[in-house]
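The first chain written gets the first letter, and so on, giving A, B, C and D; residue counts start at 1 in each chain.
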Amino acid sequence: MTVRAAVAGASGYAGGEVLRLLLGHPEVEIGALTAGASAGMTLGQYQPHLLPLADRVLGDTTIDELGGHDVVFLALPHGKSAKIAAELGEDTLVIDCGADHRLEDADAWHRWYGGDHAGTWPYGMPELPDQRGVLQGAKRVAVPGCYPTVSSLALAPAFKDGLVEPEAVIVAVSGTSGAGKSLKPHLLGSEVMGSVSVYGVGGTHRHTPEIIQNLSRVSGGAVAVSFTPVLAPMPRGILATCSAALKPGKTIEDVLATYDKAYGDEPFVHVLPTGSWPTTGAVLASNAVQLQITVDPDLRRLIVVGTIDNLTKGTAGAAVQCMNIALGLPETTGLSTVGVAP
Amino acid sequence: MTVRAAVAGASGYAGGEVLRLLLGHPEVEIGALTAGASAGMTLGQYQPHLLPLADRVLGDTTIDELGGHDVVFLALPHGKSAKIAAELGEDTLVIDCGADHRLEDADAWHRWYGGDHAGTWPYGMPELPDQRGVLQGAKRVAVPGCYPTVSSLALAPAFKDGLVEPEAVIVAVSGTSGAGKSLKPHLLGSEVMGSVSVYGVGGTHRHTPEIIQNLSRVSGGAVAVSFTPVLAPMPRGILATCSAALKPGKTIEDVLATYDKAYGDEPFVHVLPTGSWPTTGAVLASNAVQLQITVDPDLRRLIVVGTIDNLTKGTAGAAVQCMNIALGLPETTGLSTVGVAP
Amino acid sequence: MTVRAAVAGASGYAGGEVLRLLLGHPEVEIGALTAGASAGMTLGQYQPHLLPLADRVLGDTTIDELGGHDVVFLALPHGKSAKIAAELGEDTLVIDCGADHRLEDADAWHRWYGGDHAGTWPYGMPELPDQRGVLQGAKRVAVPGCYPTVSSLALAPAFKDGLVEPEAVIVAVSGTSGAGKSLKPHLLGSEVMGSVSVYGVGGTHRHTPEIIQNLSRVSGGAVAVSFTPVLAPMPRGILATCSAALKPGKTIEDVLATYDKAYGDEPFVHVLPTGSWPTTGAVLASNAVQLQITVDPDLRRLIVVGTIDNLTKGTAGAAVQCMNIALGLPETTGLSTVGVAP
Amino acid sequence: MTVRAAVAGASGYAGGEVLRLLLGHPEVEIGALTAGASAGMTLGQYQPHLLPLADRVLGDTTIDELGGHDVVFLALPHGKSAKIAAELGEDTLVIDCGADHRLEDADAWHRWYGGDHAGTWPYGMPELPDQRGVLQGAKRVAVPGCYPTVSSLALAPAFKDGLVEPEAVIVAVSGTSGAGKSLKPHLLGSEVMGSVSVYGVGGTHRHTPEIIQNLSRVSGGAVAVSFTPVLAPMPRGILATCSAALKPGKTIEDVLATYDKAYGDEPFVHVLPTGSWPTTGAVLASNAVQLQITVDPDLRRLIVVGTIDNLTKGTAGAAVQCMNIALGLPETTGLSTVGVAP
């Protein structure tokens, strides 16, 4: 089986990571690469690490360029996916790495992103309960956000099995690539290196409603989330410290049994042995999620620390994983739990 | 007034930072510098940034070297301060940058550090309620830990005024110098750079009881704390995200009024204007604490994000500040709220 | 003596560093702060580390704002200094941190920077032979470039005393702040961290003619220079590896004697003892230059490795040092050879 | 064809990178993993990024463990390879990632490393003239050092074709993993981050004789080399600025033609188009060498800037490439020119 794949937004970080993975995917042939302002330039000027594609010229993000492929990955700014997806037709598998089709609530979309809601697509987190089936044969996939990926996978089993109270406190430390290539002063190397900062505190980050949506869905009830994103001096990786109060009578043994049941057979989610703590370095460039689970003895809070590579499992790896599922390929094809370290 | 000061542990990070500040202190003359295994070497081999002292030879940490000074700063491994302090006598101001004399509870000391408790000294956090008076004229000062400094200052006013429930969740991201110069594999540059990690999760970090002691004292009742330390790829700085549930009826306005009352006249604690978020880069090498305060609209949790330089306000700056108070010098002498950036 | 100082370009990195030093200068009172696009904003939004000035509002860079001060520091993009300097009049000490008045050759200026040459001002490198006298009482000072500072000080004594052939090879590794706050993709944190790059190779960097000018002047003849700048993942610091072929008959002893004669009494230039190698970390935030000198046994090349902080001795520290000299203050007032480490 | 491979020194950086590549090699089955002091522990404690091997227990580095494999990779401290290699017998392909068998001159070995020379093995740099044939069918391979790899590939064609004078000046900026996991103070994260340093200046680095050996061999005459290694704050990557005086009459066109002839068909060596400068970020985790070539107009020096990942093409990638050649597999199997960025 040869899958012809196109990537829209190939000059950005998410698009570049999709291409990095596709170059190692045995069933994929890379077709059109498109961009916005960078159209007409070679890919090598934007992604010098993708040497085999260095001479490829970026086209415009139009149906002329993107039509005729088996799968089209959209790595576009939010608000841009709906129009091109509509033109691509029902036969093409369209995988949106952006935010446009993640939220189910149109009002929430409007409040957090502005503009009209583009609709809701099958949500590309196969490790959530009953979600893998939704993705099989799907023609549209909304790739989850990076913070929601690690936060939801860290807490979903505990919420699903009713082990914790419905309030979560999440502090997630991220590398800078999550903000994309946007030219903002606070993203300059001089500002970022040697310094850690917070932004969007107090429930103001756009990924908050997506985390709430996921945890509410698995718990079957309303969940409140306090989410604080922290920017750290590294290009990639997220480490999320996620906690919630353990319900009376529940124990760490209950928790470990729940997580073992949820993730024991998952190829990409790995619960670390006791005493071994996750680092983002261990998942760099891999599709793995590493979790460590404990109960704070003082407060009886469940604390789950999770790590992912925001560009791989947090974006492009999930996109390729969902492509595999949607097309009926083995789910792990072209993906790896082997990171690059040190 | 000329104060003759000695520094024990001059080859380490805390001792080096004490010396950096003393070199800029107009009333201090630097006397003996001592070390453990490095005794007999020049300071320049360990602290090449302290150029004016590069040729000074490190002595042994003995009463022969350290006696006869007005003030002695101890920057020693834990368990080493009591003996030398006893020999120094009551006339010498002894400022312990280590952990030996911070905890009031001997059992807690034994549980967290092992060995016998060395006793409790006046606690060097002048910004806590009624604490400045304790330090005036003191001959012994226990310098607070770095995490307890930023965590306690971030939450103390809210706990003192009864604005929050007695449970705090703290996730603090720190640079690597907090771990000292110890030669451990996880502190190697190759491991640290490009990666964030957690350690001591679930109430297992030694700074936890000190935070509990501080918050319990100001609140007048038992406080439970869940504390998670995160290691980030930078040499200096701590950013602590501290939260607790706001009590019913309390508002952000109450909170801001409380913090303004507590810190409005403090020279080193600065509450940032709304919309401006703290970065550790802004306090690098300064004695400032920067705080941002918000209430999460979803969970009604008070979130205070605080930043310090762990080596300055978190250790050596507090030590010099306490020396100033103890000796009757203006409290800010030789200290600055001006950081080094970018 | 109280010196009233204004800073034009206060929102940038060079302007911020001038202010950081002036805040610690005992004879200076900080007057007007001006900016370009940032005029009307508070300084705190751009320089959160300068806490005592956080509420100061930035004015426009005009004679109305800048007039009436004893000294005006210009930290402006190249091509912008001449006009405002002309308006400031002969009585005001004007110190240009930019490139406009460094080059003596109008054609060279035009070739490297474009536009008309603004004229040549007394060159602010007091450690060059006979240069201190030129600066005493001067009313105009051109602050040297950062790369030329460390490169020239590393090689000048050898060239002056005729110890080496007139060809130098310089590879200088710099932190990112040398490029300023310009919003360019290659300066984003995500691009810079974890990666080293070259730019302007093969004599194409604008600092090349300034290095040639300095070395030619001290040697009394034409000097050719191959200069390669390398960008490293750190905010501050330059480490320059500078080499030239030793002339026949000259020895390392000749070299060391020459450097001792040149720099033995200099307050800011320090030749490290044999076996101790410079790091940029040791000069961070200090006005020191650290040099290590050796002769390669294989090629008989003199190798001088020099380190500075590009923003301090490489820009703002030199500016303050020259202000001190021009005004007759002790040269080291408000400056330090103490760095911030680790 | 299934190749059974063992790795001695699996807990270190070089051994870990060999394993990372072997995990992606379609023809390799990973057999014994051995270590020194870490024997008896699981690999996951040392290489948490190699998730599929996390539970494998490290054996002792003995013939009992390492015997019976098709290929054994040695990633041991220098001086340790000869004995185990002798025991492994002539039928086993032994690939030494260490320094023991690189130098041809026993006296040079003794001078630079101490102890007895273990002998010279086929040198694993297939891109050098006539070297690929030497490696085909070889049973012993000495993997080149990281600095010699990038320096030799950058300059070899110019030296071979007699375009330059026989004196090279090389300044190479490296990440910290090149120094291995050794617990030395100057390799601590706190020391490394935010700082650049030099070490081994003036021909004192052990890789110098290996560079001289390579360039002398291809030029057919004695070559002198001034080599300065610089340590930069990043885990991986080397950027080497290599220069030599162009011979009279030679032009940049001659140079480009020479490099095109030398590397036009090489799968891993890539000459960048004019105006595009190499970064180490673009080759991170890839087996690619990126070169940029220019002639300095002022000095008429050839400057070749080369980048590699020191752990991949600089060590483990070369090892796997040589294994492929020695065993008759396609040379690029399991290797990639696709890097991980940002």
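The criterion applied here is as follows: contacts are C-beta pairs under 8 Å (C-beta built on N, C-alpha and C of every residue); 3 or more make two chains touch, one makes a residue touch a chain.
Per UniProt, the chains are A, B, C, D = N-acetyl-gamma-glutamyl-phosphate reductase.
Worth saying up front: this structure is predicted, and the values here are computed from it rather than measured.
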Shortest chain-hopping distance from subunit A out to subunit C: 1
Chain whose Cα centroid lies at the greatest distance from that of subunit B: D
Between the pairs A-D and B-D, the one where more C-beta pairs touch: A-D
Distance from the mean Cα position of subunit D to that of subunit A, given in whole angstrom: 35
Centroid distance [mean C-alpha coordinates] between subunit D and subunit B, Å: 45
Residues of subunit B whose C-beta touches two or more other chains: 13, 177, 190-191, 193-194, 233-236, 279, 281-282, 284, 341-342
Subunit D residues touching subunit B - in the complex, by the definition given at the top: 13, 175-177, 179, 181, 183-185, 187-194, 233-235
Subunit B partner contacts - residues on subunit C that touch it in the complex: 13, 16, 20, 23-24, 44-45, 47-52, 177, 193-194, 235-236, 270, 273, 276, 279, 281-286, 288, 290, 336-342
Subunit D partner contacts - residues on subunit C that touch it in the complex: 167, 169, 171, 173, 190-191, 193-199, 201-203, 208, 212, 224-226, 228, 230, 232-237, 239, 241, 243, 277-282, 284, 292, 294-299, 301, 303, 305, 307, 341-342
